[in-house]
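Chain nomenclature is as follows: A, B and C, assigned in order of appearance, with residue numbering initiated at 1 for each chain independently.
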Amino acid sequence: MTELLQTLIFGALIGGVYALMATGLTLTFGVMKIVNMTQGALLVLSAYLCYSLWVHFGIDPILGAFLITAPMGLLGVALYKLVIERVQRIDHGLTIVATFALAMIAEGLIALAWGPNTRATTPPYFNRSFRIGSLVVPQAQLYACLLAIGVTVVLQLVIKRSWLGYAITAASENPEGARLVGVEPVRVGAWIFAISVASTAFGGAALSFLFQFVPDSQDVWIGLTLSVVILGGLGSLAGAFAAGLLLGVAEAMTTTYVSVRWATAVPTLMILIVLTIRPQGLFTRATRQDLAT
Amino acid sequence: MIHIDGLWAGYGGLDILRGVDLKVEQGTINCIVGPNGAGKSTVLKTISGILAPRAGSIAVDGVQLGGEPPAAILRAGVVQVPQRHGLFTKLTVRENVLMGAYIIRRRGRKQMDGRYEELAEIFPLLAERPHVLAGSLSGGQRRMVEFARAMMLDPKIVLLDEPTLGLDPISLAIIRDSILVMNGAGTTILMVEQNVRFGLSLAHHATVMSAGSVALAGSAQDIADNPHLMDVFFGAASPRTEPAA
Amino acid sequence: MSEQDARPRQRPSKWVAGRRGIAAVGVATLATMVLAACSSSNSGSSGNTSGPLKIGMSLPLTGPVADVSKSGYEGYRLWASQVNASGGLIGRQVTLKVLDDGFQPAQSGSNYTRLITQDKVDLLLGTFSSLLNAPDSAIAARQGMLYIEPSGGAATLFTRGFKNLFFAQPATTTDLPNQFVEWVTSLPADQRPKTAAYVTQDDPSASPAVAIFKTKLEALGIRTVYNETYAPEESNFDTIAAAVSHASPELVIHGAVATDGVQFVRSLEKVSFSPKMLFQTKSPSDETYPSAIGTKNAQAVFTSVAWSPQAKYPGNAEFVAAYTKMFGHAPSEDAANSYTAGQVLAAAVKAVGRIDQKALADWLHSHTVDTIVGPLKWDSTGVPQGTMLLAQWQNGTLQIVAPKSAATTQEVLNLKPAWAS
């Protein structure tokens, strides 16, 4: 029984981490239907930035994340205006290729700037755990989960309660209708990317104190974050969070009760199963179609 | 109030509007009718800024608006309710209506809420079901919400693109009343209508379009009584136009 | 000689001249054959016998192991500069021709092919990791070139019957467990661990060695309580650590390859499970190991290394000093491995006295070379007959505890302390 509870705890915690890594992608993939292959590179870039703040100024990575959200947001705007918006006009599908190319370039630039050696931040909580009886709750993962909840809640509030959120929902569903009320889809796109990239700051901070990383660590994360978003149903922030949890628990249960070797195949298997049964994702309600009146 | 002179516009390489002249007087209800493909909706789209004209001018109260972006035209007091897909199905009734005031959102929630309350008196649906997702409303109810949204800015001119499209007779009556209410509040209405009887019975003035230009224009009563009206619709030559394309 | 003379289809009056023509053809053909034999770089002798000696290599200077190969390349450069400073090899200065393969086996292979056939290098030196050395050594074998590789000790490399292949470390991964097992055997029965857990990455440089550990330790009566292999992409070890903790082994053997070494230890710390003995491949020999897991936590962790900076083999201290002076930081094991490969090559060339690939290989098969990792000699497949060094972190320094000939301390810590938090 203890083993089951412990496995569930580990699974939920790492699931929270996965959800955190995927947050920005829900917006760009879910709302704009853009597969942003730079998500992994942005996470790694944020990790390196937090690492530099940690090494040179002793700033805790979580605090560092807050400091870099604004610059990352600006990077998101640049990414949208200089690349995405132009490529989208030619062909929507080309955005995958363009962002993939950018990810490669980013990897090279990161390697130039920080060198190829493995890095990690080691704030005091990096190897400590809370104890509940005989159960262990690793602090680093717990803080990452709390960040995940926090970022998801903030993003959800923005989307559901702010003018920008209304504009994003409107423009993504109905660009012409949105223009008729004065919303410019291009400006909305820039905002979406600003928010999406800014949110990777937190994922990157978590990356820096949970794992060791090198410039090409991004490869692992791009597949995992896409899995989370697809499982959760496009555009649903809460769905992505739940999907992350589900993936984490499935992975942990597989490691403990099935076979360690299969653990890394779990995300792919889950996508296969879920998409066969429920193609719209686990947590998207199929809404009534907007029929011509 | 609206003065359109020699308007040419189209999509891609195709010209839909071929020299349209149109005058709309303040405070009136105006209806554009005509066969499919005449370019009726295109006129509205050029006024609201969705489409930029190729030649000719559009002036509202003497101000040139041709080619301006939609936001600028909204600020000039011209709002369009499109033929279809006007609503945001993923937003609630209340949120949809509030979005009508998007360009003046910085004036503060209190002012927005106040305006919403005013409109709820004219459009009861706003008070009855504000938090329902617009996607779950019926056709007639959606039109209500769209009208209310159009009124958020207290506009000078409202452009209606086939407001009765796909509606049952009961809803037609409600739409008719709503248009009269809007006009009663001082708003100038320019609408495009496929339902000729509905349009001409409601409007003060009417314009008949065919193949991208104006075939007949005058008071709604005169147009309704004009024996050549049906000729324009069924393709025979009329005194003022070239043969239908 | 005119074309006419060369063709035998002539009228009888020209047949007399044709006979002279046939002779001319014969001479020409012979001359061509001799010339071809001389200019062929495929068998032993090189075309030119003076001027600089070109040594070719393809290295993963960019890509995922760029940090490893950088120090490896520096080891080669130090070796080359020292050789040249003392007069070169057989009186010729040495130049290194390096190509980058980005850690792609296909690129690495084509690089070596180009170095051999187009650039016509005189000698080759090997690259890093079994992944690249496997195809590269095959290409060298096909072209009849000597191939000394510094790094890539998977046993599978040496089962292909190549006579040109030599590994410049004391032993392959098959030997890796031996020193530790010998040490455990040397303990009195009541001090040996009763139970053991085996965790390894699915990788040819780790899992075969861990399997050998298991066989040998089970033969000593140590009960296996956990035995799992994980995929190379695995990055989350908390669940595995919890399962290991649950099994409560006294000894943990971990076949690590890269960052998984540190990650696994961090997970063990998070679940607060500290085994009495811990052996990890690869990771503990990295100088950043203690800072990555918490400085005090490296205490008493065992690992296996090919080289130690403190080992008292001739030339080793000088190597460390010269490297630190040239590059501004201490050498890593990868730098030492490539330096050793250079030493082996130089010894063979000096002894044989000429560039003859087969003669060099034959000499190496029948002689022992003194290097900074000790005396090296090889069996017929190129497997070195030495032994790896057993190392242990003691008070912030990685000490060599076995074999006695290389030991830097007599003390071996039997018990690993609990994790410091």
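As a working rule, contacts are C-beta pairs under 8 Å (C-beta built on N, C-alpha and C of every residue); 3 or more make two chains touch, one makes a residue touch a chain.
These numbers were taken from a predicted model, which means no experiment stands behind them.
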| item | value |
| --- | --- |
| Chain-level touch network, classified as line, ring, star, complete or other | line |
| Leader among chain pairs (count of C-beta contacts) | A-C |
| Separation of chain B from chain C, taking each centre as the mean of its C-alpha atoms, in whole Å | 79 |
| Where chain A and chain B are represented by their mean Cα positions, the distance between them in whole Å | 43 |
| Chain A-chain C separation of Cα centroids, rounded to whole Å | 40 |
| Complex interface listing, chain A residues touching chain B | 163, 166-167, 169-170, 173-174, 176-184, 287-288, 290, 292-293 |
| Chain C to chain A touching residues, read off their complex | 62-64, 66-67, 70, 202, 228-231, 233-236, 238-240, 242-243, 246, 258-259, 262-263, 266, 269-272, 288, 291-294, 419, 421 |
| Footprint of chain A on chain B - complex, ascending | 48-50, 69-71, 74-75, 79-80, 82, 84-91, 95, 98-100, 102-103, 105, 133, 135-136, 139, 142-143, 149, 165-167 |
| In the complex with chain C, residue positions of chain A that touch it | 3, 6-7, 10-11, 13-14, 111, 115-118, 120, 122, 126-129, 131, 136, 138, 140-141, 211-212, 214, 216, 220, 251-252, 255-256, 259-261, 263-265 |
